[in-house]
């Protein structure tokens, strides 16, 4: 890598803009990283009309692998910043996103976080934006399955991790706030036997069961819920993950109601077609986090176009910006940089190649917009 | 000098599992005595030493060192109180060199032996004492050799140097001559005599009868976990049980 | 009441899985003093290749499952033998180094599996009966638990018989203590050691395939997750005691179930406390021989 | 002081000085370092390597010197990192100057680290050998589970804990100041080295070595092994938490990974890679491992690798595969680790002859 | 099994070199063990007696020519050599401490019909302790286990390293008897410090000094020559070394 002393030394506007992309290329979340990367490439191609330049300035993009490890990510970020990077973007890991947001603030550069869902990233500082959805939006979408939550009982079945706790807190805030009675059944992350918890879910007699689960044990968990007859007891909602997980629900697939951030074909917009064409040219398929990459590219181009080399101008350019993207119209909320966007209700149907998602309904962006973070 | 015996055992019995290893052993060893301990293999001699040094606790009975009841004391306390021993098979610290082995023993005597705040030096008291001990057993020239490379006889001598450096008042030697070549027996005998001459109380298990007879003031005989007799060498040698159970025809 | 039964029987099933993993580990560790961190890798590769074979021949049927199991056993044994012959053998009587190379192997193996099969779990198909339940006293017990329990019992019986009825147990215990002296009695220790590794590997292989049935997927990390519990079970049960490992497996798994359910998901903390407590009160473990 | 040890001391001082001026120079070693030595990225990596080296040094003191095989050393490193992060966040009366809050937080963390080490050590050392390893593993596992569980949102769970910089001296915050963090890391390494050196050379160090060889024999000369082992355990653990504090500052945060058993295993790998026989082995091991880890990842992502046929590409694009294999080879063929290399080159002798292979009977 | 020809040595060692941890401990040693009787291998502490025996068995790195009843065994692994009828009683007993006495003996049984009664009659003490773990035996009892392990099989050659070390005088007698008895059926190469035992058992002696052979000849010839005994073994008086 070469070092550049920053754009202004050369005086010319034609100096390239250094963009640092940090995401998992290896490690446990490499697959998410791949989708994000492919989406970003597609988005960049779309937003710069294939030139890779903004107003004649080349966007010099450096990709770094965070290995899913915050230590590595911080080292890479410092390296990039030290070499004059003006914009950082990426990562699917919330822990890494927190560290990168911290670095962005310490060093006064722009940071556009990737698919990492933690609500805490929204409004964490002036320099940090999101290109994806956050936990709150997931939860709020789940809430749309029961109509008016008032007086209903919602049980959250989740792992006792930051992700699970975040979802429970989200449900308490969103649906609890709308009058639902919320109960959590949290399971240790290392637990391998879920049968007894399935019983516990039934015993709670809920109107809705919200499942927030990540990782390999989800297959065993769904089997347990099915075997114990949980689906007969109440509607079960969970988030639909990436393509690789479509087959994970086994027999339970048809019984689950899914909330979804994005799957290939969900939006039906022109820009979606543009993205899919580009992805397929590159040998990729549209997936859960393709849009996050796509949006990130759009935001970077906007920031550079309107803000030049001045980070404050970049922030101004993004705050309150409404634009057309893959999922339709999205808005960068001025107050806390939340990304206000539509979400989807989805079900799985069995086809020739196994289970595949089908859209039930698009949930309006404002319906699931998080409250302004303070 | 106290008026207590150096070592007293009162009605010591030891059971392990179903086996009776020691049966009601009572023994008094006065200060400065050299006591030979003999008996057939498996009679309980090493076991007796283990009881005295604290490696084993008796099922019944009392052990006294210089009048103090030490029955419940752990090994290291007894050692610190002046009890030294060797093992039936040589045991040095193989990764350390000869001097370091002996210096550890010398440090232990001085107190604050395991202090982090003291760095051993070539000139400190413990080193000097260790070198003197090596000199005494004729091993000073091997001070820098690694303990693992010593020959059998040399290991035995270094072990005794460790004892000397500890300055114990009571010493237990378990078969010091085992495996020592005939050529080295006389020299090692002299080293042991030297230990005793310094006024220390010595208990020695040994199957080399001439060594026992040549050194011991008194000889104790163990048989099937019992103390058969503790008497002058001549009297013990004349004892018919000793003759038949221990000596056989070889004597 | 039915919750209680559910907890106990699923606990037994989980215990059976722990034991299947721990049996090979305990055999190798107890007899040969090799703390085999690569055991998890044996298990994972057996699960992967078993799955590959099973799905090629007949996916989701009993034939497929049996073939998976056989392939898994074979793969586990082969990989274990290769490890022993190529690596462990060079380090006999250096137990720390042996444990260390197995750490290296496990690091490398997991990375390699990720490279080959990817980081995402691969979901497996099973015979339908295994995904159904049987009702016992009002508790709906998943059928695969019964298979696990039966296999664990078979493995336990088989290994105990092997050790009782042949001289191998004796040779290996002696060989661990003093290898040279065993050869000096005219016995080829190396063959015996390799055999023990093969048996341990075969048990791991079976455990791997059954674990993939239990979890419903195979992944590069399948083995590492189970390995830590297998270690704990081996140590609590007492080194070298297979029955000890069996008892500890059940104890740990059932306790874990109850703690997870009634004590706010503290299952693994309780297990850790149990381990520390057992070792401090009874350093040899439940059934370990006196030092 | 003999001429030899004088030479060693002077050599050591020169080495430290050389390391200290690195950030002022522009040394570029392509393939080893990501960029010239004054760039923040390189300094960050080097500082991280120095901290890992310091941690490895403490681990060697337990394992190499006293023969204590612990599977829980990560706990104390994590205690340093999380302890400082939590005290900095939780405490600090507003009216105190931030320098005071910072110093007091460090002191509080040290005391916590000491108490934790003393408690765990006092219990775990009641057993020996593999049991000791397992008890330490159990404690570390408990710590790791607690950190991941995020009790009372104190540890941040999976996401880790970000450093609250409000009371951290501004010289230690921000990329331009990576240099200062590098010096802090170097300082920690030197401090740890000196303390470890002191402990090893002291009487306690010698006794610890003897205990490793033969515990009963030590008791028979009148010493209590337990006390010495506990002392070494506590010293190593507290120093590990010092390294942990350095890590927190350098990374501006703490991640749960540093509390896992895997992390301890990595340490073990580092120490063995470097060579248990010598202190400098642990340091070299720590630095080599960190650099290798980083460089292999860069290699894995490179186009050269992507162009290879699958059978080479798959293994070569997994850094851990290469590290694991390398480690196995070192244990097999280089029993002294890197530190054993010079001796092997000068004697040129195989130390562990393989057993004679079976030959056909005549 | 073809019986050895009367005048062919059961064991012949030529130019044997042995090393431990890279250090030469046996240097160019050559000697024969006749097909009958006891041959004693003598020398002061540390001259390499034990190492010589271990090299013959392949327990340490060795080069040279070793023949057992005419067949080369210097490339064979230890267990093969032993299977050809060589028994070994090691210097430090090397019983398996974690195994019981019975297990120690069972492990040693190579023959179809092991001579259990012989062993039982030689060491009645062991019979009584069959289920005791060998590690808890007294030193002398362990020595008996070690000897018993060798005598339980039919052997063509016995390699016995200091069998009387640490034994009570009466047991020394008994062990000497047992060895004399054993020597009637199989030749013995014996390392022994106790010259009285040597005189009683051995017909021939081989004397080592710093890893080399310095004397071979009849036992009586050596032991009666005070000068040589003094020179080779450092002993003034045979009795002193009893």
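All chains are identified by letter, namely A, B, C, D and E, in their written order; residue positions are counted from 1 within each chain.
Note that in this section a residue touches a chain if its C-beta (ideal position, glycine included) is under 8 Å from a C-beta of that chain, and two chains touch if they have at least 3 such contacts.
Keep in mind that this is a model prediction, so the values were computed, not measured.
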Under the touch definition above, the chains in contact with both chain A and chain D are C
Via touching chains, chain A connects to chain B in a minimum step count of 2
Dist(centroid_CA(chain B), centroid_CA(chain E)) in Å evaluates to 30
Per the C-alpha centroid definition, the whole-Å distance linking chain B and chain D comes out as 44
Dist(centroid_CA(chain B), centroid_CA(chain C)) in Å evaluates to 49
Between chain A and chain E, the Cα-mean centres are separated in Å by 78
Multi-chain contacts in chain A, i.e. residues touching at least two other chains, fall at 160, 190
Among chain E residues, those touching two or more other chains are 77
Where chain B touches two or more other chains simultaneously, the residues are none
Chain C residues touching chain E in their complex are 167, 170-171, 173-174, 177-178, 180-189, 289
Chain C residues touching chain D in their complex are 35, 37, 87, 89-92, 96-97, 100-101, 103-112, 114-116, 190, 228, 231-232, 235, 239, 268-269, 272-273, 275-276, 279-280, 283
Note: in the complex, chain A contacts chain C through residues 27-31, 160, 186-188, 190-193, 195-197, 199-200, 216-217, 219-220, 223-224, 227-229, 244-245, 247-248, 250-251
Within their complex, chain E touches chain B through residues 44-46, 91-92, 125, 132, 136-141, 143-144, 162, 165-174, 193, 195-196, 233-235, 239-242
Within the complex, chain D is touched by chain A residues 1, 3, 25-26, 63, 65, 67, 69-72, 74-76, 78-83, 94-95, 98-99, 102-103, 106-107, 118, 120, 160-163, 165, 189-190
